[in-house]
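In the two complexes that follow, subunit A is the common piece, with subunit B as its partner first and subunit C second.
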Partner chain A sequence: MIDLKNVTFSYDNKMIINNLSLNIKKGDKIGIMGESGSGKSTLLKLLAGLYRAESGTVTVDGETEPEAISRKVSVVMQSPMLLPLSIYDNITMGHKYPDSQVERVVKMARLSNWIETLPDGLNTYLGDRADELSGGQAQRIAIARAMCKDSEVLLLDEPASALDSENSKSVLEAIMDYAADKTVVHVTHQAQHLEGYTRIYSLRDGELI
Partner chain B sequence: MNRKVRKILEETGMTKDFILVMILRAPFDFINAILSANMLETFIRLAERREEGELLPAFGMFLLFTVIMFGYNMFVWAFVTMKINIRFIKKLRMRVYKSLLKRTGQEMEELSAGDWISRLNSDIDKTDLYLVGPLNFMHLLIAAVNMTLSAAVLFILNRTMLAASLIMTLPFFFLSSVVVIRKIPVFKKNSREHYAKYTNWMEPVIAASESIRIFDGSEIVRAKVEEESLKIMKNNMKAHKRTALASGINTFSGMTGYLLLLFLGNSMMGNELEDFARMMKITQYRGEMMKSVMMTNNCIGRMKGNLPSAERVEEVL
Partner chain C sequence: MSVLAKLLKRNRLCVTVAVFIAIIANLSQMIYIVHIGELVNRIENREKVTSSLVIILACFLISNVLTVYLKHYSGRYAAEKMAHSLRMGFIEQLLCKQRKKAVPGSADDAGSVMSKVQNELSRADEYLSTTFFDITDMLLTCVLVFVFLIFRNTLLTLVIFVPTVLILFYVKWSSRKLSGIVSSALKEKEKMNRVSYSLVHAFPAVKIYNADEMCISTYKNSLENWGKHEADMEKLNALYNSLSGFLSRVPMLLLITIGGFMVIKGNIMLGTLIVFLNMQSSLTNSIMNLPSWISGFKVFTTNLDKLKI
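What follows is the complex of A and B.
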């Protein structure tokens, strides 16, 4: 499903990823740990097609071009980036998904209870008030967005690091319930977030250990 | 001057400076009118009396006055007005930022980021335009002085001509400034609000560019940005149409007035009530009056366009 061969990437003349190779099979749950600045977010962005490797190849679901890779993956970032749109549009990003699918992901992302309290429900306009949402609510919308795209590959960049322990547990449970049959790569510096993962690596000096 | 703009001047402590600029600039067009009218009359009289030898000294004298006039205007514009203008912008920006930094988080959340950004940038620039920009308040004042004094001179020179000019001017002036231009601030206010919404999109588009790419959201973002951009354009176009219509009314009024003047002037000269040189002088003052009316109309239109921005700045203060 994911194959990295001798991938190298540097930034400002500093080697971030050094000749890294990794093979991930369909349905694998891979955890990558590392200190801040160790390059784990860079690695995730290479896997998401947001960066192009300087050398080596990144193959995701048969695609090698970054733009094509981006179409094949879903990503949940550390800080959820919401747009001044309705909750519905933030989840679907303007794509036409069946209502049943949107309702399903809203439920899976554990947004239902909160949305029911809103007068306009899913059509509530976040607009410039996106920052009034709690971190948990915003992150759940971002998760629902990733679930709605329903890619085979789910990439997680510390999705729960900015949340309190209760929200963090709930968000991670929601993700794992959804991603039971997906290929997951989760980068974090918190080992407890990687319970039950197939393999856990540590990223140091641009290399996986 | 609008009450809110006066308040902005008071808040920045620039009222006296602006009064100085107004006093220095206000008489320019009228002095220029006196110069042109007298020059024309003098040249025609010298030609009629076949005193060709006097033409050159007269020309030299008027040239000297003209140079002094333009030198004066350039000095006032380039040194006094510019300096005061720069100080005003600097003080206004500081004052707006100071007021902003005093606000609580809750107060800041009352407006969107885009709204704040547009108030801090383009609205301040438009407030400045309102005060000293071309065909705004300063030119309105110059035009008003020129119009009033030219009308007063016409009153002394030939009351029939003044009455004819006023009959052909005032109805069109009111039609243009009261009926046509009245709606411009509404369109401009709408335009500013959509501009704030448009600006609101800049931050998320930059900050969420990766999410937009991953989730292929460029289409919905483009559609929303285009929607706001179109609303800005539509409102600006509506305001622009009104300005163009007002300008058309002014031109029509000017042309018909001129034809009436030619007709009246011809019959007055035919009846030897006025000679050619004096008629040219009268025409010159009437021209200045008309020019000032048109300028006043244009200024009112543009000021109305910039006023919503000044009001938005005043709200922050």
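What follows is the complex of A and C.
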């Protein structure tokens, strides 16, 4: 499903990823740990097609071009990256999905109870209310967005690091319930977030250990 | 207000002198204009223009120039003295308080207090130095001119005064109407900025979720909305401003028309009309600027009162 062969990436003349190779099979849950600045997020961005490797190849679901890779993956970042649009648009990102699918992901992301309390429900405009959202609510919208795209590959970049322990647990549970049959790569510096993962690596000096 | 009263009290000598000179300067100008009117009346009546009248006029002209210079000098001096008293008084008060109880790093220490009120201090200081005496002078001029004109000819004074007050209400009404549309245009602009900022911030999400089209249409919509609001605002602005520009000429037009008829009918002399034509702008400008002065003065006294520590 995911194959990295001798991938190298540097930024500002600093080697971030050094000749890294990794093979991930369909349905695997891979955890990657590392200190801040160790290159975890860069690795995830390479897997998401947001960066192009300097050398080596990144293959995700048969695609090697970053643009094509981006279309094959769903990503939940540390920041929810919400747009000043309605909750619905933030989940669907302008694509037409059946209402039943949107309702399902809203439920899976544990947003239903909160959305029911909003006068405009899913059509609530976030532009003026973005600051009123809690970190948990915002991150759940980002998760619902990833679920709605329903890619085979789910990439997680510390999706719960900015949340309190209760919210963090609930957000991670929501992700794992959904991603039972997906290929997951989760980068984090918190070991407790990687319980039940197939393999856990540590990224140090641009290399996986 | 109590801070302003304290400042006036502390600088009462230079303030009194400045106000006194401002009154003298205004009176001198009025007397000069009255003499010009007198000269016109003599010419109209084909009376002889004596050399003494010309000399008196020249004297008033010179005294007028001198008193205006003195007025500006004493006004600026008094304003600067008051601004200095404000700065020194504030620091004095701050240091006394600091000596008595404040602990360094606490909310009461000089650094914390200064950082809280430095904007208020600089704004009040600037207002005192640049605006306070100009407004005092204009108000004095307005009152003196009004009293002078009403005793000279009540009808002509009302011909200037009543339309000016009506125009004032119109300006107030139109600015209230405009402020609504200005704030909605600003809101749209803020919305558009927020959209462009979030598109940059959320670029990875836009790329991963292939949301380019939605983002472009969102940006276009917000740009169009802002453009529409801006165009509406400018249209309304142009309409109200051109109308108020025309209306501001109404007192002068009425004065020329009614005053002209009165001169033709022989009710007043041409010199009297010339006096009114010369003085009407002092009255109308002061009245029309009243709302902005009042709001500026309110901001100033609020800033001053925040300096009470």
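Methods note: the second predicted complex is superposed on the first by the 208 of 209 C-alpha atoms of A that agree within 3 Å, B and C clash if a C-alpha of one lies under 4 Å from a C-alpha of the other, contacts with A are read in each partner's own complex, and residues count from 1 in each chain.
We adopt the following convention: a residue touches a chain if its C-beta (ideal position, glycine included) is under 8 Å from a C-beta of that chain, and two chains touch if they have at least 3 such contacts.
Treat the numbers as computed from the prediction; the structure is a model and nothing was measured.
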Overlay on subunit A: subunit C relative to subunit B, clash or fit: clash
Touching partner for A:E195 - first (subunit B), second (subunit C), both, neither: neither
Subunit B versus subunit C as contact partner of A:R145, first or second or both or neither: both
First, second, both or neither for A:E54, with subunit B first and subunit C second: neither
First (subunit B), second (subunit C), both or neither touched by A:E35: neither
Of the stretches 27-35, 225-233, 243-251 or 261-269 belonging to subunit B, the one that collides with subunit C: 225-233
Interface residues of subunit A shared between complexes with subunit B and subunit C: 45, 48, 50, 70-71, 73-75, 77, 81-85, 89, 93-95, 127, 142, 145, 149
Footprint of subunit A on subunit B - complex, ascending: 109, 112-114, 200-201, 204, 207-208, 210-217, 219-221, 223-224
For the subunit A and subunit C complex, residues of the former touching the latter: 45, 48-50, 70-71, 73-75, 77, 79, 81-85, 89, 93-95, 127, 142, 145, 149
Interfacial residue positions of subunit C with respect to subunit A in the complex: 191, 194-195, 198-199, 201-202, 204-211, 213-215, 217-218
Subunit A to subunit B touching residues, read off their complex: 45, 48, 50, 70-71, 73-75, 77, 81-85, 89, 93-95, 127-132, 142, 145, 149
